[in-house]
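Going in written order, the chains are labelled A, B, C, D, E, F, G and H, and every chain counts its residues from 1.
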Amino acid sequence: MTDGFEDLGYARADTGRERRLGLPEVVYGPGKTAEQIIGVVGALLAANEGPVLVTRLEEATAAVVAAAVPGGEYDPAARLLVWRPASPRAFRVVVVSAGTSDAPVAAEAAAVARAIGLDVIELRDVGVAGIHRLLGEVEVLAGADAVICIAGMEGALPSVVGGLVGCPVIAVPTSVGYGATLEGVTPLLAMLSSCAPGLVVVNIDSGFGAAVAAHRMAVRR
Amino acid sequence: MTDGFEDLGYARADTGRERRLGLPEVVYGPGKTAEQIIGVVGALLAANEGPVLVTRLEEATAAVVAAAVPGGEYDPAARLLVWRPASPRAFRVVVVSAGTSDAPVAAEAAAVARAIGLDVIELRDVGVAGIHRLLGEVEVLAGADAVICIAGMEGALPSVVGGLVGCPVIAVPTSVGYGATLEGVTPLLAMLSSCAPGLVVVNIDSGFGAAVAAHRMAVRR
Amino acid sequence: MTDGFEDLGYARADTGRERRLGLPEVVYGPGKTAEQIIGVVGALLAANEGPVLVTRLEEATAAVVAAAVPGGEYDPAARLLVWRPASPRAFRVVVVSAGTSDAPVAAEAAAVARAIGLDVIELRDVGVAGIHRLLGEVEVLAGADAVICIAGMEGALPSVVGGLVGCPVIAVPTSVGYGATLEGVTPLLAMLSSCAPGLVVVNIDSGFGAAVAAHRMAVRR
Amino acid sequence: MTDGFEDLGYARADTGRERRLGLPEVVYGPGKTAEQIIGVVGALLAANEGPVLVTRLEEATAAVVAAAVPGGEYDPAARLLVWRPASPRAFRVVVVSAGTSDAPVAAEAAAVARAIGLDVIELRDVGVAGIHRLLGEVEVLAGADAVICIAGMEGALPSVVGGLVGCPVIAVPTSVGYGATLEGVTPLLAMLSSCAPGLVVVNIDSGFGAAVAAHRMAVRR
Amino acid sequence: MTDGFEDLGYARADTGRERRLGLPEVVYGPGKTAEQIIGVVGALLAANEGPVLVTRLEEATAAVVAAAVPGGEYDPAARLLVWRPASPRAFRVVVVSAGTSDAPVAAEAAAVARAIGLDVIELRDVGVAGIHRLLGEVEVLAGADAVICIAGMEGALPSVVGGLVGCPVIAVPTSVGYGATLEGVTPLLAMLSSCAPGLVVVNIDSGFGAAVAAHRMAVRR
Amino acid sequence: MTDGFEDLGYARADTGRERRLGLPEVVYGPGKTAEQIIGVVGALLAANEGPVLVTRLEEATAAVVAAAVPGGEYDPAARLLVWRPASPRAFRVVVVSAGTSDAPVAAEAAAVARAIGLDVIELRDVGVAGIHRLLGEVEVLAGADAVICIAGMEGALPSVVGGLVGCPVIAVPTSVGYGATLEGVTPLLAMLSSCAPGLVVVNIDSGFGAAVAAHRMAVRR
Amino acid sequence: MTDGFEDLGYARADTGRERRLGLPEVVYGPGKTAEQIIGVVGALLAANEGPVLVTRLEEATAAVVAAAVPGGEYDPAARLLVWRPASPRAFRVVVVSAGTSDAPVAAEAAAVARAIGLDVIELRDVGVAGIHRLLGEVEVLAGADAVICIAGMEGALPSVVGGLVGCPVIAVPTSVGYGATLEGVTPLLAMLSSCAPGLVVVNIDSGFGAAVAAHRMAVRR
Amino acid sequence: MTDGFEDLGYARADTGRERRLGLPEVVYGPGKTAEQIIGVVGALLAANEGPVLVTRLEEATAAVVAAAVPGGEYDPAARLLVWRPASPRAFRVVVVSAGTSDAPVAAEAAAVARAIGLDVIELRDVGVAGIHRLLGEVEVLAGADAVICIAGMEGALPSVVGGLVGCPVIAVPTSVGYGATLEGVTPLLAMLSSCAPGLVVVNIDSGFGAAVAAHRMAVRR
């Protein structure tokens, strides 16, 4: 336990994380002021060599931060601010989403995955109520090193995908829907209960978590 | 409100239900003694002309009741005791189940549906993790007047079926599974949240409810 | 699986759904831009012959869409935008609602049902606390091919209706009420637990789902 | 706060409760040994003048206790052991139950109510799926000083009763049913959400609680 | 079932409720337009003789309604609009509340109770963390025909009150608190689980429900 | 991080815990074989100087273990097996329980507290429905260095105690009760929501946890 | 029970609490008007000698109150208004928080603890995903008389801390996070389920509760 | 979709799964008769070349099946029956478990992983309350291609592990614990809410699911 951190008072930037995990600490935007983000990002850029990301960042705050710390690129669909994106690895992630309402989560998953060096393809609106839309893409799926599979409502899509491919399937439930979907709890529980073997699940709406999970798989190839 | 009932003290047999609903009252077995069941069945047989059923009846009690009230036929897989089964209508119900563990619920749905005069076909073990097993049966599905679709775990099967056929799809969640399936609550919520339009749902493990729902559809043709 | 879809980038319009289900895909408004809706509606109008609907659409967006795609009619009570409504079938749907607060859900159910060709009658404010209001309408109920039964709070109405008529009863829980109603979860659970045989249930506030369920029943007559 | 209690070591018999509430403390059987029950009952008989009750007592334990403390009468259907039942008051309680499976709860409510001096009439199996069974008894209901209304499953009965009579309606949810009934939580929530004004609710399966609630109403007349 | 109702299109005013229950139908304000309220109130005033109430009515809407239907009195703390308040009966209701944050619910309970003819006394801020505040008021409690006992957070107050008096104790959980109070679900469950015998419970924040429950007790004296 | 552990294959006995926490690791009995318990206890006795405890141990297993490891004392009411009990400190813990059914949890709390060197007094059956039973013991409470306050059902007792004394109040919810108590979840939530300031809460039925919490308070005096 | 209170009409200020608990009543700000707060604070300042606090007070209201009642100091990060802070005791509280988003809860805990006379040190952003940040502070932890341990998300930090120190660990779950964190319910349940012995838990986001719990420990030294 | 299945009547063995996923279908034992298992295993052995597994199989049933289908090896700790185990790949899985009670889940994960060709090392009883036990094994963790991390109670272990290594961490919640652990739901939610980036989660107690998830990662190397 000899690696370090930098104490900024309001935060301890985990500057040893890149050495331990192969990826610098990622900054979660909500609840932080622009000043705090600028401070943490500065510390992370100085102490690491890899990409530095701020997630779930509103456009206005992003503008302030980007002005203060040069070199950042903001993606409004993904609400992601990135410095020093990693150069791409030969690890193909297919980001599959069930409906158009799942687009923001898919955008975050894809943008984070690209920023940390994964090779991303997107398949949108292939929900199970029109199963032929998915079945027409089995070849794309067959080329995946990992599939990130995003769905709200009943969350059935990962079960079908998990029966079609042998690579890792990372299921992301979304809070899309109303009533019995319980703001994403229903697809979360459904994905955990899947009859397809070996699916893995991340938190509701966590496109970020899915992308980093794929990165963990990529670094051990 | 002029139709009647017969007061047996411990129960009021709803003898007017056949006239109102087209089907005599069905007796729910659990929590009733053999003597009580014998009494209610006798009242229902006397006051109606159609089939009389006792559901969820254990074999031992069924034997006592069947000995006392002649003409009853017991189906142990469905835990169903039937007198005067209805003659079949030209209304085809396809009972589709996702896994072999869903068999008891499928058996109840099929046996009740047959006893009340529906024409039943069964498709078993066509869960979505091997979607080709279902897709190989689209012609059978196309011939259905109604589909009863039974699944536990993530309850994804009705969403796929509902995107393949235009007839009514009655989804039945089962308590099959463990952990995050929450004894059937997860597939129940998933089915209610389905992205396939116009699915309808009944209670967990209620093969009986699904069969009677199909009967309601059949009587209005 | 030879029928097709149209890939719009942000969506895959399921242009084969009319052929499979007898009804074109219906567009769910929330979370889509006016531009996206215009694109999908255009694709669906071109590839199908039947009615095209956008549900849960706010008035302002509806105006933009209706201006861009001629022939659409907007119903503000139902928040529904419709092109090419279907000509009526001889399938009578009685939409019964328990209280005046359930009116928006009832309006959606009735408007969708009419747009897809069903023959609709409405009975409002016949909740069980004044049971004579419902009992005075048994003849209207007797003429139904299907009843859509809408209630919030304790959701008791479908149980009473289900004991009066033999036709399908589609129960729709609403999020009306406060405290122990748990935003519609209580009437949802109550309807699924009903002592009336063969009731079927759709998602909370889903007047749309109930109407399409009735359509599934109508197409198989 | 000058009234007393008797410290038995394992229990403090609240000997002042009869003076404060008009009814001696009632002993809840589960989790107590026969010896403990004998001790508490003895203390309560000695310190009070009114009826002494042990609820939810299994037959075998009841036999041991009754042998040790003379004068007790055991009712196996209600699982109730009573000494010195109160002489009846002119307060009519109508115990209404929805189904035959609710019988044990109804039996406890009726037996406790009689033991503490209320005038009890029972109406059984008048569930809302055959509403005419209840409507045929409106005159009996009209004579009630209070109605105890017992139902499992969707718990709809109290809402209908509460719209028919102006006297207090004490709703008792039962754990009868399966799946979505959630062991009585569904009818509990439904009763609390009732559209009928001024219903009051007690715990699941608590026939005892309902009877004592009625007693509280009787003592203030 | 010969008593009537008036069909206003958007509502069926239950004009027979006063005859059946001793109290005209009460209008629940939320979700209704001023015009609808004016219509229903007019129908109820014409068909009944007793008090007519609109609950949970915002001040602005109340002003519109009161201007259109003369004789109404608005209580902003209780959000209640009343015509023809009943003359007081000799039935004393003590409204006890645990904390100052429970004041709006207590205000509704007290105002509704007065409007329907009950004799009301209020005890505020007597929560159990300073139990001497309640114990100093036992004589006021002893004079009650019924106690309405209002508490949020852990909802302990009714258990203490229920052990001090023998009259009915109507427990009202409130949504006061945060975190583990779960918006009133925690005190609701706690009150239903009370160790004090014979407590009865109404919905979260339902001062109205508690007042009508007390009225039901009063009319049978 | 230089202190050690002993790897037994099936377990790593945390032999450094006494040095870090002032108390050796305590063995949780369920799910372990007698052989495993014997092994762990042996390692803990050898590496530490203080008391060694096994909790929630059934009598039969306790006999086997006690025979193999001399010097252990078994308390069947507390289901606790103890070697080398600590000599008493001058830290007074008052264990207060609400009802007789809470006795097993109170027994565990008291026995563990004594075994680890605390000075214990017990007050039983002082539930809030007879509040005078508690108020008669305020002097005992005033002498406490910490109160362990045990209650099931609505869990109200700690709120009252917390308003009477300034010392730490450790609330322990129990699974006593039925229906709305939700197996202890209701008193757990109620205790966390308490209006009495500064209460702390441990897991349902965890008399053990409360005793160790009191020990943590004692060691810092 | 001879100590008193002051009845302000809208509130009963518990003026005896300082005598009983060693700390005057603390005013919970939400739901109270500035006038009410001014009244209660005045009564508490007059009747007690110790510190008077108002918690969760918005800045605007605080300004009004502070203008009316001289001597108050407002801490905007903690949303706390304090008169007559207590002089410090030799009781060291270490406030440990897992992430920067937990800062508001940590600020409340620290500010309240200081105001009531405890000696506070803060350790921020030492979450378990970079465990070396915490392990670098074991000496600070070793000097604590009590640790207040604040964490949202999975709430793991108190388990690690509880294994490092023998003093009391007061766990505070926060509502930081999204999806499966369920607004703080997940870390709440996790902390109650901790494998570290003798942790105690307070309500979600209750920095105030934790500080008062520490005070209870301090007064008994 | 040209690959096949074998219809056994009671089951459709998915004989194409090995071709699609790189692993034959695995048989879930519960709810199947020995005869059914024998039939499915026979079909899978005939149609595939890889390992055939039956999970969660009781010893008695395993003996019957093993006698009928030669070559099977039964592991009672893992409740696993295996034919034709795969030859090991160079993919190291470290199975880490928090407590001795988690042993059955760890045994299943390890045994399944070995049977499907992964290289397994086990680390037991390294829960976070004695964090030095885990920190002493960082080198073993550093050699992992994937970590399966098993914990019940508060489920904190994966968060710590996820901060130490960059490879995939598959978190498995267990149903170990009582009260607030909610039979595994608490660690499940905690793991999904983890502050460590990129953790993935499988169903409660699903050692099997974790092993297959690791296999999916291995096949893409």
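Everything below uses one rule, namely that a contact is a pair of C-beta atoms (placed from the backbone, for glycine too) under 8 Å apart; a residue touches a chain by one contact, two chains touch by 3 or more.
It should be emphasised that the depicted structure is a prediction, and the values quoted were computed from it without experimental measurement.
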Number of hops, chain E to chain H, where each hop joins two touching chains: 2
Between chain H and chain F, distance of the C-alpha-averaged centres to the nearest whole Å: 36
In chain E, residues with contacts to at least two other chains: 1, 17, 129-131, 135, 163-164, 179-180, 185, 188, 192-193, 197, 203-204
Listing of all chain pairs that touch each other, if any do: A-B, A-C, A-G, A-H, B-C, B-D, B-H, C-D, C-E, D-E, D-F, E-F, E-G, F-G, F-H, G-H
Residues of chain G touching chain A in the complex: 100-101, 103, 124-126, 129-133, 135-136, 176, 178-181
Chain H residues touching chain B - in the complex, by the definition given at the top: 1, 3-5, 9-12, 14, 16-17, 25, 28, 30-32, 36, 173, 175, 184-185, 188, 203-206
Contact footprint of chain A on chain H as seen in their complex: 1, 14, 17, 20-23, 26, 135, 145-146, 163-170, 188, 192-193, 197-204, 208-209, 211-217, 219-221
Chain E contact footprint on chain F (complex, rising order): 98-99, 127-131, 135, 153-156, 159-160, 162-164, 177, 179-182, 185-187, 189-197
